[in-house]
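The following blocks contain the structures, represented as structure tokens.
Here come two complexes built around subunit A, the first alongside subunit B, the second alongside subunit C.
Now for the complex of A and B:
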């Protein structure tokens, strides 16, 4: 096989794995939109906040230490202990559940029945507020996420495939972190689908997603379900924050990963978990292949805009996205 | 009118008549929030702490206290311009816009307002030509010097010949990242190396395509123009594909602790260009600890001292303070104006003795500024990251860029700018 062909396959494999990472971000948007009709602009910031909290808890950092020190003239920064990763993840999840409860109690409970644009604007405010709180709570410096996740290309895969092409082919490069992210995403999606299908709360969640007034009439607590949904979005945000943060360190740019989710949502639909996954994979492969084949002819750096072009092309044929619900309004 | 009222009126009149010693104002257009905050905080702290040190230890500059009003730009051009407009009336002596995008917005404004702009190691490279850019200064070094210094370093590693070698410029896909391309193209022709450019879109969290391309093309060396999260991801991805770190070199904005720490041990050996020293092993830091940090007057938490970007902020403040002192000396006026500051910057000479006196011996290159040359002598150095010791250190002296190539490009670009904007180049 020619080296170019094999490198094309390598690009597709890496595109699929990048797509999984995009889908991880998109999933959080889908969960909240499906259950409450809110397009959560704050999802990227939630990923940042979750990752900041995880690192802060692991390192035994005192939350709001800069504020405390500035107000009281103290010099405290750390508790002096380190928390094991699993326990820190558990604590972070509790924080995200508390955040979900607070968001529901303080913001969205008071906005029930408002226009979608009002709810969207509220999430914009929430995003900036949460970013500021994250800054005050944990500081602005770049933090290293020491979860022990594997990094670097898989030498096994590289050696095993090196003989497939000629001297110009160096074997497939597959990032071990991407492989872990793929496995985690599979487990996460399976868990979410299982939760939605086979648990009482999951079924209630689906009922609210279908028709929240009908769900309310049969005794389902909308308040509880919305807290549950925001908590699940918090869990997804934590996973996304960990996977992206492992690449770049945990820092405020992490909130920008939301930009990567938008074309995925346009393509996959705002209401479908499988749509987020398939959309992510299509965007990942599409943008990487385009960059590989066409990029060098047009100066490169095509991925950001091509993802949107690809999504728009799909929208021409399916305005509701690949897996979105078709909206039919009869006069 | 009672005696009490008369006395009060007399005191008020006396106060109004007595000249009040105004501060020397050095606005800091900082960015302590947003995606680039990690870099902005350290610079802003270093800039402010140095002036605080001068105030606390020396009673200011020439007996006049320095003030550093800070305005948050979030590394955003619009906010940067707002900050400039909001602070210029306070008697600003010099601006450090800290972003190439803000620099481009401010260049025409400072010409009108008569306030000097100092873009140290960033901004518009051809502003080095002071006959065209009368109020913009970019000493001691600029991006084209950086590109040339990088190539010079590779030349040193290859016994003076890069014939047949491949160098890739990996860069931010914007004005800043594209700045070195003309220089590298000229140097490629001169030295016979093959140049390829690979762009990364903002913010640069996903660079798989770029690094797969590098893995396929196997360049001998990579020069990197990145900023923010782009840096951390690039260093990690280079490690992922097993690219030799000692052949991977960033510009000075891609060479701080922030950029290498997330990759851990894998970042060991990564290089970056530099125009000032690293670390805190200089007398000035002892004074900062005593007079600023221990006195509770530090701009930040005091935890950035000695970091690369803190040192850069401190160095910028040192250069501004030296120019202000020169202006006072030249005019005999302790309270200088922006025009006097500009004139002093245009005749600035930084000697080894100046740095020694300031407690930073050998901290930066020795250089001088003239009307024709607002950019200094283009001396740069190479720093390398030691992941075990977790510190950057310079591995070369400050060495010159290829003036023949760089100055010709600066001349051509600045003259084109002058023609477009109807400017008659002049030193008058």
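Now for the complex of A and C:
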């Protein structure tokens, strides 16, 4: 096999792994959109907030310490203990569930039946509010997320594949963190699909996504389901925040991963879980391959815009996405 | 309860009052959809609500099922006054319903749709469900058995795995009835179960309604336009017109009520 061909395969593998993470973020959007028709602009900030909370809990930081110190003139910053990673993840998950409940009780409960644009505006407000709360709770400096996840290229994979392509080929370069992230994302996505397909709450969730009136008539509490989907979106945000945070530090730019999910949603459709997955993979592979093959001809950095151009093309030729429900207007 | 019910013409024993509507008034802004209406539904009977278009029949059904809360009046269920409730809470009390313009989960299969009807009967917690062990699994199996029985009963075995969106109208109506039955309701509310059906489909549906009442002892309240069907099916009939109650009694009594005849045939004003 020629080296060029093998490098192409390496690019595809890396693209697939990036795509799984895109799919994960997009899934957070789809869950909420399907069940309540809300396009949750705050999804990215939720990932940031979850990562901030996780770091804060692990390091034993006192939440709102800046505020407390400013008001009472104290000098407290840390509890003086460190929380093991697994326990900290669990605590963070509880915080995200509490957040979901508060969002439903304080905001969206009062906006039932409003126009989609109003719901969207509410989530924009929510995004900026949550960003502020995150800063206030945990401080605004850049933090490192030391979960002990493996970093750097995998030597095993490199050695193992080095012999494939003759003298010009040095083996696949696969980042170990990417491999872990891919694995976790696959497990989470499979878990979510299983939950939706085979459990009572999952069935209720699909029912609410399909028809609110009918769901009410079989005894489903819409409020409960909405708290549930926001909690699940919080879980997805936590995982996305952890994976991205471990890669490039926990800081404001983390919330921008949500923007990466937009083209995925255009491709996959806002209402389809398989769509989010396939869309994520297509964008992941597409942008890496494009950068590898066309990038050098146009001066590189195509990864910044490729996904959006692809999304635009989809908007023109297939606005409902690959798997979204086709919109047929009755006349 | 003192009053013990009555025996129908075909010899069925009807029990005491199950649902008692007292002085219900429902307004939408300035429009009074229901004006001070009282009537009761008794254990085991088939009760019809009839009336011309816009009489407020569907509104009345929506009050019973909690989709509307009336401004005035009281709803008594099983001898207790019911506080204002959300529709899902009413459903959990054992009141199932179908809709005039079919409200099914179009993207789900027939089997899944009917299974959602079991949600009120499933007790195992979320964690058990998520982990999918022991109790939750046994519960799912038990519920599946009941659902399969209902599917057999309504003769929709052949379409069990078909997504509901692909079914013709008449079958959708039947699936909706199956979903309501799956909840094993004490009171079943049917909003125009035969609207838009041909004669044959109407006969089938009538037979199912009678069988449900007969085999499961389910109390049924239904809205219907087809007078022939109503008179054949129901034990007692409430007649509404412009939000008022203009008649209440057995089909024969109602048929001979002058006000009812006027409402249906129109009357010359001079």
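We take it that the second predicted complex is superposed on the first by the 326 of 331 C-alpha atoms of A that agree within 3 Å, B and C clash if a C-alpha of one lies under 4 Å from a C-alpha of the other, contacts with A are read in each partner's own complex, and residues count from 1 in each chain.
One rule holds in what follows: a contact is a pair of C-beta atoms (placed from the backbone, for glycine too) under 8 Å apart; a residue touches a chain by one contact, two chains touch by 3 or more.
Keep in mind that this is a model prediction, so the values were computed, not measured.
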| item | value |
| --- | --- |
| Three-chain arrangement built on subunit A, subunit B and subunit C clash or fit | fit |
| Touching partner for A:198 - first (subunit B), second (subunit C), both, neither | second |
| Touched partner set for A:207, first subunit B, second subunit C, both or neither | second |
| Subunit B versus subunit C as contact partner of A:217, first or second or both or neither | second |
| Per-residue touch tally on subunit A - higher for subunit B or for subunit C | B |
| Touched partner set for A:82, first subunit B, second subunit C, both or neither | neither |
| Partner chain(s) touched by A:141 [first = subunit B, second = subunit C, both, neither] | first |
| Overlay on shared chain A, then closest C-alpha pair between subunit B and subunit C (Å) | 34 |
| Interface residues, subunit A side, partner subunit C - complex | 195, 198-204, 206-207, 209-211, 213-222 |
| In the complex, subunit B residues that touch subunit A | 32-38, 41, 173, 197-203, 205-206, 208-210, 212-213, 215-216, 228-229, 232-233, 236-237, 239-242, 258, 261-262, 264, 266, 296, 301 |
| Subunit A residues touching subunit B - in the complex, by the definition given at the top | 7, 10-11, 14-15, 18, 21, 66, 69, 73, 132, 135, 140-142, 144-145, 151-153, 170, 173, 175, 244, 247-249, 251-257, 259-260, 287-288, 291-292, 295, 299-301, 303-304 |
| Partner subunit A, residues of subunit C touching it in the complex | 65, 67, 86-89, 91-92, 96-97, 99, 103-108, 112, 115-117, 119-120, 122, 124, 126, 129-130, 132, 136, 140, 179-180, 183 |
